[in-house]
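You will see chain A twice below: alongside chain B first, and alongside chain C after that.
Up next is the complex of A and B:
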């Protein structure tokens, strides 16, 4: 069977999506990157390989996320795309009329505005921690609540506590304070959901025109408390797509499918699942060529140098004999 | 004498004038290195914490010049367009540098204000020349050469759509060809993607600070238009659309250019505003542009804030996504 593979490498999670030639999801993986992107990409490949029947043939590969370049040189990608476009493509494939995408992942959050099926505007927040999945994880942990139950419990609240949500540090200390005052856990959780949503709308979505259909995706979309808080704040229905947690990977796979079908002659660059069994090594050094002192990253496969980046001048990246 | 000119802030506006002027007076002009990691680091170390990024970078350029010049040139700039001011930070620059960096060589800090009259540039030249101990006759001669060439440089920039990058300035000094081809009213190319790039000259033309933004756009086949290659009368025409007159030059250039090109429909594919963190004027202008452009959705708009911690990763992601947006709009 002909398939396409999408890989989304972020600093918190690394996701895989394998789709068939109609764009149907065959298999998805959501793995923790844990600071080891190369190992995570390889173990993802291994897991896919073990799960799949042998008649699978990968016809194209797309990578996205902050580690898209790294993933691309490890697996051999046909398309390397930014995560905004990838998320939009995936969303459109599930809800073709989508006009607004709210995305909250582990390490960042974004908003994408679409009209007539094309992206017209977007914004992205990579600085502020208060609006991300990692922050929610931490607070759930602090309250001793499994993150999976976070939303469920929050939704029970009748009297949400008001939590200052401007910044992660304030939100946290405010929450601790409210906890000490004896507020109910569900009220605090709901308050936290509302704070995160307010913060997102005031910062990430500032000045954007949010029209329905609104799709909510990214890891945090699993949290029904946040979804509810968005619905209450925006006064609209919020759609969480089936594959909300791997939309970037799905988008990358769809983009690979599109690129390969536009050019029928082209063979995929995919190195095959064997890539998972090769030895990869990333090294870095400081270039002394000029006062920029760039940190150059070198990627080796089985001791052969295959890619380099990090230079501002092209001195290293443009000189890799492949 | 070796006169050190920092490759920062006003360099991007007046350098050709001063270079020719100083050389006509018989001095050697030493330019600091293009911004690099060390310059940025020195800037962060020496400048006061709450300064905007470009002012910090400026301090780094001063440090870069310290051991190789006899005097430093840090003019006190007040106004570069009649009836308008520029950011007050420029005014305090010589004093700021004096109090932040120890062991400085002598500084030439004569005022530059053309608030009343464009010709007042001559007053600036006179005070520099006098500080350096030259006769009025020589100063006047040097001024005439410099201002004539500087004016033709500015015309050349517009007529040849030459962005004042370092390379752009060089090609002006090297070329003896005639620069006076007729300038087009609009610089929009027909078969390319056209992007209007807005921001302070010392941000958008400093390749280190802008993370090579202009080159990155050009590599994607995009034609980059900046206020520096737009005829002044077009910018003024654009700025007239604002209810209030804008009294500071850089804000006017940005807003005026936007209003002038905003209604070009699909001929203009996108507008990018590169703003620096800690810049009051930028945040006001950015806010204004965002409201105007996002609300009407006339043309895709991207606002990028840069600070000393900006990673190239997130920057590239935004830029690539924006290029996808404008390509998508073109196709539709």
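Up next is the complex of A and C:
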């Protein structure tokens, strides 16, 4: 069976999406990156391999996310795309009429505005990660609540507490203060959801025209408390797509499918699942060629140098074909 | 006397020529680097904008190399730039450096004041000598601007990756080393031959993007992560809205020698910003309208964090973008900017305008 693979290497999670030639999801994986992207990509490949029947043939691979370049040299990608485009493509495939995408991931959040199936505007969070997945994770941990139950508990609240959400650090101290005053956990959680939504709308989505249908995706879309807070604040229905947690990977797979179908002769660059069993090593050093002191990263596969990047001037990267 | 000045793109080339031809010893600070930024930030007020910090870094690096006279531009109007020189002078004095600072204020009515300052820097050279040195420097500026425009057009379609930038580096050297007008004319021929020999791919649907915004962030590749090169590598034809020659014309020449072009351009911004707001705030808006009229596919707007004139411009951009149907993306730069984040936004913006163009031309959605 002909398949396409999408890999989204983000700061918090590394996701895989395997689709068939009609774009149907066959298998998805959501793994924690845990600061070790190379290992995570390899274990994802192994898990896919074990799960799949032998008649699978990978016809194309797409990578996205902040680790898209790294992933592309490890697995051999046909398409390397930024996460904004990848998310938009995936969203359109699930809800073709979508006009607004709210995406909140591990460390960044974005808004994408579409009209008639085309991206017309977008924005990403710039200075602060308040309101993204990592922050919610940490607060849930501090309150001793499993992150999976965060939303459920928040929704129970009748009297949400007002929490200052502009800054992650101040939100936390405000929360501690409210706890010490004796507010209920569910009221604090709901208050936190509202604060995050307010912060998102005021900073990431400022000045953007939010029209329905509104799709909410990214890891944080699993949190029903945030979804509810968006609905209350915007006064609109919020759609969480079926594969909300791996939309970037799905988009990358769809883009790989598109790229390969445009050029039928082209063979995929995919190294095969065997890539998972090769030895990968990343090394870095500081270049002393000028006062920029760039940190050069070198990627080795089975002790052979295959990629190099990080220099401003091209002195190192130009000498290795990537 | 060892003269130095701040960096802004390739400005150091004509400036060095000018002062050297007047007999002054010139210390060109090292090209702006991470070190420049680090020392600049260390000694600048936190809330000052990026150009102040980087140019302060330039001065410190030049003083370390033995410079004793700093030539800095001044300014008028609401932009804080006019106050840079004063602030930097005080900071450098507090750091214990011994130096002279000469501030060239725009000559609105004070043209003789400017000449007097040049006379001081150049040890009382005659007006004619100043004129001749100025003429060669000016010709270099014109050629540099021409070179940058050519490079931005070719980089997007070069067949062999990196070829254009190699030719560009070589050309900068040629211009820099030319000692008189004859040598410069020869350099010009060589550069044109070299650039026109670069093999180009045939591209029918080339994307065209305009760059507007605050002058320093536009002209200094170190602070804008070489955005022109990055866009070129993504296959986009880039046109910048400000070139050094324009800036010199507007700021250093007396009013009777100025061209009328900027006034005509400013009219385009009138429905949105009817008056001067400092810096290039009004011009940024006018340029976006102009690019839309010329059929550009998108515009990228650059500004350093806390830049007041460009923030004013930014506030009207959603309206300008809608009325003239041209996508505009604003990028704010400061010492905390990361290249990865900038690259992601650039790529996404290019995807956006490419999809838009394809849909306009073929009426089809190409996802899927």
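Points worth noting:
Here is the rule we use: the second predicted complex is superposed on the first by the 319 of 322 C-alpha atoms of A that agree within 3 Å, B and C clash if a C-alpha of one lies under 4 Å from a C-alpha of the other, contacts with A are read in each partner's own complex, and residues count from 1 in each chain.
Rule of thumb we're sticking to: a contact is a pair of C-beta atoms (placed from the backbone, for glycine too) under 8 Å apart; a residue touches a chain by one contact, two chains touch by 3 or more.
The structure presented is a predicted model; accordingly, all values stated were derived computationally and were not measured.
Bringing the complexes onto one copy of chain A puts chain B in a clash with chain C. Contacts of A:258 after superposition on the shared chain: chain C is touched, whereas chain B is not. When the shared chain is aligned, no partner comes close enough to touch A:315: not chain B, not chain C. Once chain A of one complex is fitted onto chain A of the other, the partner contacts of A:46 are absent, as it touches neither chain B nor chain C. Residue contacts after overlaying the shared chain place A:84 against chain B and chain C alike. Note on chain A: of its two partners chain C and chain B, the one contacting more of its residues is C.
In the superposition on chain A, A:93 makes contact with chain C only, while chain B stays out of contact range.
By the touch criterion stated above, A:138 is placed in contact with neither chain B nor chain C.
On chain A, the surface touched by chain B in one complex and the surface touched by chain C in the other have residues 66, 81-85, 116, 118-122, 124, 126, 207, 290-293, 312 in common.
Per the touch definition, chain B reaches chain A in the complex via residues 33, 36-39, 208, 212, 290-291, 294-295, 297, 300-301, 311, 313-314, 316-318, 320-322, 324-325, 328-329, 332.
The touching residues of chain A, when paired with chain C in their complex, are 23, 66, 81-85, 89, 92-93, 116-122, 124, 126-127, 207, 254, 258, 290-293, 312, 314, 318. Residues of chain A that touch chain B in their complex: 66, 81-85, 115-116, 118-122, 124, 126, 207-209, 290-294, 312.
Taken together, the chain C residues at the contact with chain A in this complex read 30-31, 33-36, 162, 165, 226, 318, 327, 332, 336, 340-341, 343-345, 347-349, 351-352, 355-356, 359, 365-368.
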